[in-house]
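Read through the structures below before going on.
You will see two complexes here that share chain A, one where it goes with chain B and one where it goes with chain C.
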Partner chain A sequence: MAKEQKTSGAAAGAAAFKTFTPMAARPAPKDLTGVTAWLRTNLFSSVPSALLTFLGLWIAWSVLSALVSWGWVNAVFQASSRRECLDKVGLSGACWPGVVVWIPNLIYGLYPKDQVWRINWGALLLIVWLLPLWLPRVQSKIIIGFSTVLLFPLLASYLFLGGPKGWIWTALIAVGLTGFLWSLLTAASESLGGGPFLRLAARLMGAKTAEEEAQRGRLALLGLFAIAVLLVTQWNLDFVPTRVWGGLFLTLVISGFAITFSLPAGIILALGRRSKMPVISLLCTTFIELFRSVPLITILFMFNTMLPLFLPAGVEVNQLLRAIVAVCLFASAYMAEIVRGGLQAIPRGQYEAASAMGLGYWQSTSLIIMPQALKIMIPNIVGIFIGLLKDTTLVSIVGLFDLLSMARAIARDPGWIGLFLEPMFFITVVYFIFCFAMSQYSMSLEKRLGAGERR
Partner chain B sequence: MLKTILSFVAMTAAAAATAPAQAQATLNQVKARGSLNCQVGTPTAGFYALAADGTWSGMDVDMCRAVAAAVFNDPKKVQFQSVTSAVRFTSLANGESDMLSRTTTWTAVRDTQLGLEFAGINFYDGQGLMVPKAANIKSAKELNNATVCVLTGTTTELNIADFYRANNMTFKAVTAENENVLITTYLGGGCDVYTNDKSGLAAIRSAFPKPDEHMILPETISKEPLGPVVRHGDQNWGDIVRWTLNGLIEAEEGGVTSANVDEMLKSTNPAIKRLLGVEGNIGEGMGLTKDFMVRVIKGVGNYGEIYERNVGAKTPVNIPRDGSLNALWTKGGILYAPPFR
Partner chain C sequence: MALTDSGSMIAQPRQGQGSLLNNAAFRAGVYQAITLAVVIGGFWYLVNNTITNMSQRGMAAGFDFLTASAGFSVSFTLIPYKESDSYWRVFQVGMANTLLVAAVSAALATAMGLIIGLARLSNNWVIRNLSRWYVEILRNTPLLLQIIAWYFGVFTLLPNPRASMNWSDTFFLNNRGLYFPAPVPESGFGIFLAILAISIAGAAGVILWGRRRRLLTGRIAPVALPALAAMVIVPALAFLALGSPLAFDRPALQGFNFRGGINVPPAFCALVIALSVYTSCFIAETIRAGIQSVGRGQTEAAKALGVSSSRTMQSIILPQALRVIIPPSISQYLNLTKNSSLAIAIGFPDLVSVWMNTALNQSGRAIPIVAMTMAFYCVVSLSVSLLLNIYNRRVLLKER
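Right after this comes the complex of A and B.
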C-alpha cells in the first residue's frame, strides 16, 4: 500500500516539471532483422560461405534421407524371421522385429524372464532412495546420499541374486533395508517440517534433553533394524546365478560399482601418493603406475583366467565379482591421477591459510582443499565415468554377456541370422542416452557450483 | 603376437593345473556341483546359438547336454560358459570348464602341447569357397588371379594361401577383422570369392538377400575335424565324453531314436543291447550307470536327430548331410563309432 502511494506521488511530481523523455526506439532497419537477414549474416555472408552452406545441407540431407528411408520408410516392422524381412525388402530397409523380440535379452540378459521384476524393483528402489536429494526441504541430503551409495548394494545384491542366506547375510541385508527405511522416514518427516526422523521419534518417545534424544534416537534406529530383520527373514527369493546376468543390466551393475568405488578409492590413492610418509606414498604410487600402465583387457584377463590357478582347487570366486574387482581397481588408478591433478591446481596459499587457521591435515583436506579440487575436476571425473560405462564392453572377453555381446548374439540366432546393423543401431542409441545424460548432469552440476567462473 | 602370448599362458596354465585337476576327479567335481560346466564359444548359428528366449541351442550345445544326461538324469543340468576363442584353452586348463564343446579343430599341436585331450569328432568341417553363380565358375582351379575375401588372423587365411601356392596360382586377399564387414564387401562385389569353413559359409549364405545366387564350390581345401575337448590327465572323464559321443553315433547307426528308445530296450540285436546297457556293464565301468545311453538318447536324441535339429535341411543354417563327410560310414560318409563291447 505504502509503496503504491510513493510511486503515484513520484508520477505526479514528474508531471509538474518539464523533464527529458527519450523518444521510443525505432525498429531496426528491415535488412538487419527477420529470417532473411539472419540467413544473410550467418549462412550466406560471402560466396565461399554460401557454398559451404549448400555443401553442409547436401551432406545432412543425404545422411538423413538415407537413414530415414532405411530405418523407417523401407523398414519392416512385422516379421517372424530375417528371411521374411529379406524377402520383403532385401537389404534396403531395416528389419526391426529381430531387435524387438530380443529387447528383453538386451536389457536383462539371460535373467529368468519370470524373475525380471526383481531388476525393475531394484531400479525403482534406487530411484526412490535418491529422490529426497531433489526435494528442497530435506536437510539430511548428504547422509541420505551416502546411505544410498553404501547400503543400496547390500539390498540390491540380495534382490538380484537371491538364494539361501546365512545369519551374516541376513544381518547385512537388514542393514541395507534399515538404511532405506530410515532415508524414507527422514525425507518424509523433514519435508513435513518435523525435523530429522530420529529426533522426532525420540521426542515422541518422551525425550526432553539432548542426551535423552540421542539415546532414544539410537533406540528408534535399533527398532527399525529389528523390523528390517523381521522383514528380511520372511523374504525369500529364488537363486539367480550371476552367469545369467547380462545385457544393459550387467553393464549398469559393473559400471555402477566401478563408478561408486573409483571416486573414493581414487581420492585415497591420490592423497596417499602425495603423502610425506614414504611407505604409503610408495605403495600408492606402485599401485597407480602398475594398473595404469596395463590395458584393462589384460587386467580382466589376468583376474579371470590366471586367478583360479593361484587359488586352491575347488575354491571358486564368482566370475562377475572378478570382473567387477578388476574394473574397479583399474578405474581407481585412473581416478587417482585425476584427483592428484585437481589437488595440484589448488594454490599453495589455500594450504597455508588452512594451516594458519589451525586446521590439521584431515580437516584442511576435507574442508578446504578437497571441495575446491573436486569442483575443478568435475569434467574429468565425468569423462572417466562415461569412459567406464563404455569400457565395460570389454568384459565380453571373459564370457559375460554385456549389452554389446548380447547385441552381437542376435546375428547368430538362427531365426535372425546375419542381423547386425539394426542391433548395433539400437545399442548405439542406448549408450548415447546414458552417456549424454551423464554429461548433461555434469554440466548442470558445474553451472550450479560455478566451477567455471570462480577462478 | 596376442596369440603367442595366449598360447604361452595356456601352456603354463595347463602345466600348473594338472596337479589340482588330478587331485580330484572331474566326474566327482561335476557330481558334487550338481551341474556340468560346459564351455561354448561366442554365439554361432547352428553350433552354439542363443535364442531370443535366452536358451542355448546347436550341435555343440547338444553335446554338452548329452554329457549332462549321461552324468545326471537331466540334460538341463549344464551351465553354459560362453568364452571368446582367445581364452578357451586357458579356461579349460584352469579348471573353470569341465569340457569344451565349441567347434575346435583337432590338431597335433593342440593335442600334444596344450595339455588338452580331444574326445572325438562330432563334425567334419573343412574350408570352402563361395562364389556368385553369375560368375559361372565350377571349380576352385578356375580361380587364378581372383580377389578373395578372408578373415584376417585366422587359420583360414593361412589355408587359402597354402591352397594357391600348392596349385601355382596367385590371388589377392581382401581382409577384414569383422565378419559382417567382409560379408558386406563380398555382397557389394568387392571380391570374387568368399572363403570360410563350409559350415560357416552355409550360415552366411543363408543370411544373404538372395542365397540362390551364390554357390559353395565342391572343393574342400583344409581338414577341420571338430570335437569336444577335455583336460589332459583325467582319462576317466575323457572316456565319459568320448563314449557319450560314440554312443550318439552308434545309436543312429542302430536306428535308436529318442522316440523309440523304450521299445529298443527289448531289441534282440546284441549291439543295441550293449549300447543301452541291457547287456554288459560299460556305463558302470566309467562311474556312470548301465543305462547312461538311454538317458542321453531320451534327452537329446541320436546324432542324426541332433544334426537335423540344428544344422539340417529344415533349419536356416542348412548344411547338406547326404554325401558329405558327416554322413554315417554306412551312407558314404566317414562318421564311424568304434563298437560298444
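Right after this comes the complex of A and C.
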C-alpha cells in the first residue's frame, strides 16, 4: 500500500512539478478500549491464546462446579449423625453438621466449656491493646506495639492457665497489667491532645522542669504497678492444665510465643553473627546453621525425648512447653538470617556516618541501623510469621491437640465416625484466611513504607 | 551543663582513661571470655544432668548398637534390606528413601513450577489468574495438611486391586499404590549404553564446536538439529539393530494382588505429589521474580536490534534471570528435603520415621540416633550451601 502510494506520488511529481501529495492517512486503530478490545488483548490475542483461554475456563469450571456441588448443592446441613448424611446423599455431598457441632472444639480444644470466656477475653484484651496502633493521633505507637508483644504473654499466661500464683508470678502478671493500663491511658491522653500519659500525670502532680517530670513520671508508673499488684492479688481463676488446651487456640498460642520470642532472639543472633569478636560470631553462626539445616520435626522430637534428660531429675516439663521451646529456637534461627539480610542491605556509609557522629556500637545499631533495616525486613518477617503459623501443625505429630489434630479427631467421634474431608476443608479455609490476610497486609505495608523510595 | 562536662574532661582527663577498661580489644576479650564461660557452663550443666539421668534410668550411650540386628521390617526400601540387618543398614535405608523422595519431588516441582511461573507472566487473563490462585491457595495452607489430605483423602480411597484404574494394561493405580513395568536389561544392553554415551558425547561436542565458532566468527551455526539427531536417532537405530535388548516386566493381576513390575506405595505417591505441588508454588514465584527482574529495556533493545523473540529469551533474558532464579530455587530444594520428614505423618519410612522414631523406640539410644539424624540433614544442607556459594561467586556481576 505504501509502495503504491510512493510510485503514484512520483508519477504525480513528474506530471505536475513539485506538487506535494500527502500519503493517505492510515485508518484509525480499531477500538483500543471497551469490552471487546479487552477481550481481544487479554483472552483471544492469538489462536493458541484462545485455546489456552478455553482450557483455563474448562479447568476453573470443573474445579468450581465439583466444589459447589459437593459443598453446597448436594451438601447436608441438617443431620444428627454421619449415618443420616450418608443415607441422604452418600458421598456425593458434604456433611456439614458434623463440623458445625465440633466448631467449639476446633476453636478451644478440650478447654472446659464454662471457662472458655477466658480465651475470648484474652483475644479481646489483645485487640484492645493493639487498637491504638490504628488510631491516627497516637504518637507512641512503636512502644505500645513492643509492650503488647512483650507483656501480653505475661498477662495472658494467668488468664489462660490460672491456679495458685507465687509472688514472682504475681509480680510478672502485674507487670503485664501495668503495661496494658499504661497503653490504654497513653492512647487516651494522646488522642485527646494531652501528650504522653506519664508526662501528663507528672504535670498534674506539679512537675515543672524536665527532670521533675521524668522523676514524677516514674512515680506515676510505680503507682500504676501498685494498683496492678492490688488487682492481681484479688484475681483468682481456676487452674486449667495445658493438656486440655487445643484447637485454634493452641495453634495461636504456640505461634504467638514463637513470634514474640524469635524477633528479639533473631536480632541478637544476627548481631552476634556479624560481630567482629570471633568467639561470639562462631557460636551464633553454629547455632543458626544447625537449627536452619535440620527439619522442625527433628527438633520437636529431640526436645520431646531429650529435654527430660537434660534437666535435673524431678523437674517436669510439660509437653506444650517442650514444643514451644523447640518452635521458638527454630524460629529465631530463621529470623536471625532475615535480620542479617536486612543489616547487609544498609550501606556502609550509614555505619561510618554514625561512628563519625560519635555514636557507639549500641547507639548506632539501635538508632541508625536497626530502624532502617527493620523497614526493609518487614515483608520477610511477615513471611516467617506465615511460615510459623503453618509449621505449628507439626506439633500434632508429637501429640498436641492443635487445629489439625482436633479436625482429625472428628473422624473418631462415634456420631461422626469417618468424617474427614469436611473438617479438613474447613481448617484449610481457616489457615488460608489467616495466612492470605497476613501476606496481603504485608504487601500493602511494604508499598506504604517504600513510598519514599519509589520513583 | 554538657558543655562544662566535656570541658572539664579535656582539662583534666578522668581517672582510668588509659586503663584497660577503655581498651576495645581488651573489652572484646572479656566479653568473649564471659560468653564462652556461660556457654561451656551451660553445656556442662546439661551434659552432667544427662549423664546422671541416664545412669538412673539404666540407659546406655554410645554407637555400639549400630552393628546389632534391627529386627523390624521396613515397608518400602530403595536398597535391599531384611529384618536381620543391622541398625546401620536401617540408617542407610532411611537416608536412601529420604533422598529418593527429595529427588523425585524436586524434579516434579521444577517442571510444575516452570509451567506455573511462566503462566503467571502470561498475557492471557484466565491463565494468569488461574495460576495466581493456584499459588496463593497452595502456599498459604500448611504442607502437613496437604500431605494428610492427599494420603487419606485420595490415595487410600482408591479402588482395590481388582477394580484398579488401568492405563493400557501397563500402569495400574489402586489402594496399594502405583504399579508400572520394571525394565529388565538383556544381553547387549551394555553395548547399547556405550553407544548412547558416545552419541551424547558427540552431541555435546557439536554444541561446543558451534559455540566456539560463534565466539570466533560471530556466525550462529545450526547445531540444535544435528545434536538432537546424534542424541536420538543414533541410539534408536542401535537399539533396533541390537534386537531391542531391554524387556519390561509388566505388572499383572494374580488373585487379589499384582505380581511383577514396580510397586510404589500410596504413602510415597501422596508424599511426592504433596511435596512437589507445594514446592512448585515457591519455585513458580522464584521464576516469575527472576524473569521480571530483567529490565524491560533488555527486551526492547533486543527487539530493536532485530533479535527474534525466542533468541531474546534464550540468550538475553534467561542468562540474566537464572542468576536470580537459581539460588532461591536451590534453597527451595533444601526446604523440600527437610519437609520430606513429614512423611512420618502418613507412615512412609523416611529417615525421621524409620530412624528417629522406629529405631529410637526399639533401641532406646536417644542421643546417638538424634545426633546421627541431625548430622545427616546438616551435611546435606551445608554441602548444598557450599556449592551455592561457589556458584554465586562465579555468576557474580563483574563490576569495575
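Please note the rule applied: the second predicted complex is superposed on the first by the 415 of 455 C-alpha atoms of A that agree within 3 Å, B and C clash if a C-alpha of one lies under 4 Å from a C-alpha of the other, contacts with A are read in each partner's own complex, and residues count from 1 in each chain.
One rule holds for everything that comes next: a contact is a pair of C-beta atoms (placed from the backbone, for glycine too) under 8 Å apart; a residue touches a chain by one contact, two chains touch by 3 or more.
Computed from a predicted model, the values in this text were never measured in an experiment.
Engineer: Fit or clash for chain B plus chain C once both are placed on chain A?
Structural biologist: Clash - chain B and chain C, as placed by superposing on chain A, overlap.
Engineer: Does chain B (first) or chain C (second) touch A:Phe420, or do both, or does neither?
Structural biologist: So A:Phe420 meets both chain B and chain C here.
Engineer: Which chain, chain B or chain C, is in touch with more residues of chain A?
Structural biologist: Residues of chain A touched, chain B against chain C: more for C.
Engineer: Using the superposition on chain A described above, determine whether A:Trp121 touches chain B (first), chain C (second), both, or neither.
Structural biologist: In the superposition, A:Trp121 touches no partner, neither chain B nor chain C.
Engineer: With the two complexes superposed on chain A, say which partner A:Pro308 touches: chain B (first), chain C (second), both, or neither.
Structural biologist: It touches chain B and chain C both.
Engineer: Regarding the shared-chain residue A:Leu86, is it in contact with chain B (first), chain C (second), both, or neither?
Structural biologist: After superposition on chain A, A:Leu86 lies in contact with chain B alone.
Engineer: Could you look at A:Arg408 and tell me whether it touches chain B, chain C, both or neither (first, second, both, neither)?
Structural biologist: both
Engineer: Just checking: does A:Leu52 make contact with chain B only, chain C only, both, or neither of them? Give me first, second, both or neither.
Structural biologist: Second partner only, chain C.
Engineer: In the overlay, answer first, second, both or neither for which of chain B and chain C A:Thr41 touches.
Structural biologist: After superposing on A, A:Thr41 lies in contact with chain C but is clear of chain B.
Engineer: If you stack the two complexes on chain A, which partner ends up touching A:Ser396: first (chain B), second (chain C), both, or neither?
Structural biologist: Both partners.
Engineer: Using the touch definition from the top, say if A:Phe77 reaches chain B (first), chain C (second), both or neither.
Structural biologist: Neither chain B nor chain C is touched by A:Phe77.
Engineer: Pick out the stretch of chain B that clashes with chain C after the overlay, from 2-10, 236-244 or 254-262.
Structural biologist: Between chain B and chain C, the clashing stretch is 2-10.
Engineer: Where on chain A do the contacts from chain B and from chain C line up?
Structural biologist: Comparing the two interfaces on chain A, one with chain B and one with chain C, the shared residues are 301, 305-306, 308-309, 312-313, 396-397, 408, 420-421.
Engineer: Which of the residues in chain A end up touching chain B in this complex?
Structural biologist: Contacts found on chain A: 81-83, 86, 90-91, 101-102, 104-105, 109-110, 113, 241, 243-244, 301, 304-306, 308-309, 312-314, 396-399, 401, 405, 408-409, 411-421.
Engineer: Help me check something: in the complex, which residues belonging to chain C touch chain A?
Structural biologist: Result: residues 28, 31-32, 35-36, 39, 46, 49-50, 52-54, 56, 122-127, 130, 136-137, 140-145, 148-149, 152-153, 334, 338-339, 341-342, 344-345, 352, 356-357, 360, 366-367, 370, 373-374, 377-378, 380-382 of chain C touch chain A.
Engineer: Give the list of chain A residues in touch with chain C in this complex.
Structural biologist: The contact residues of chain A facing chain C are 41-43, 45, 49, 52-53, 56-57, 59-60, 276-280, 283, 289-290, 292-298, 301-302, 305-306, 308-313, 386, 390-391, 393-394, 396-397, 404, 408, 420-421, 424, 427-428, 431-432, 435-436, 439.
Engineer: So in the complex, which bits of chain B are touching chain A?
Structural biologist: Those in contact with chain A are residues 9, 13, 16-17, 20-21, 23-24, 29, 42-46, 49-54, 57, 79, 81-84, 86-87, 90-91, 94-96, 180, 183, 187, 203-204, 206-210, 315-317.
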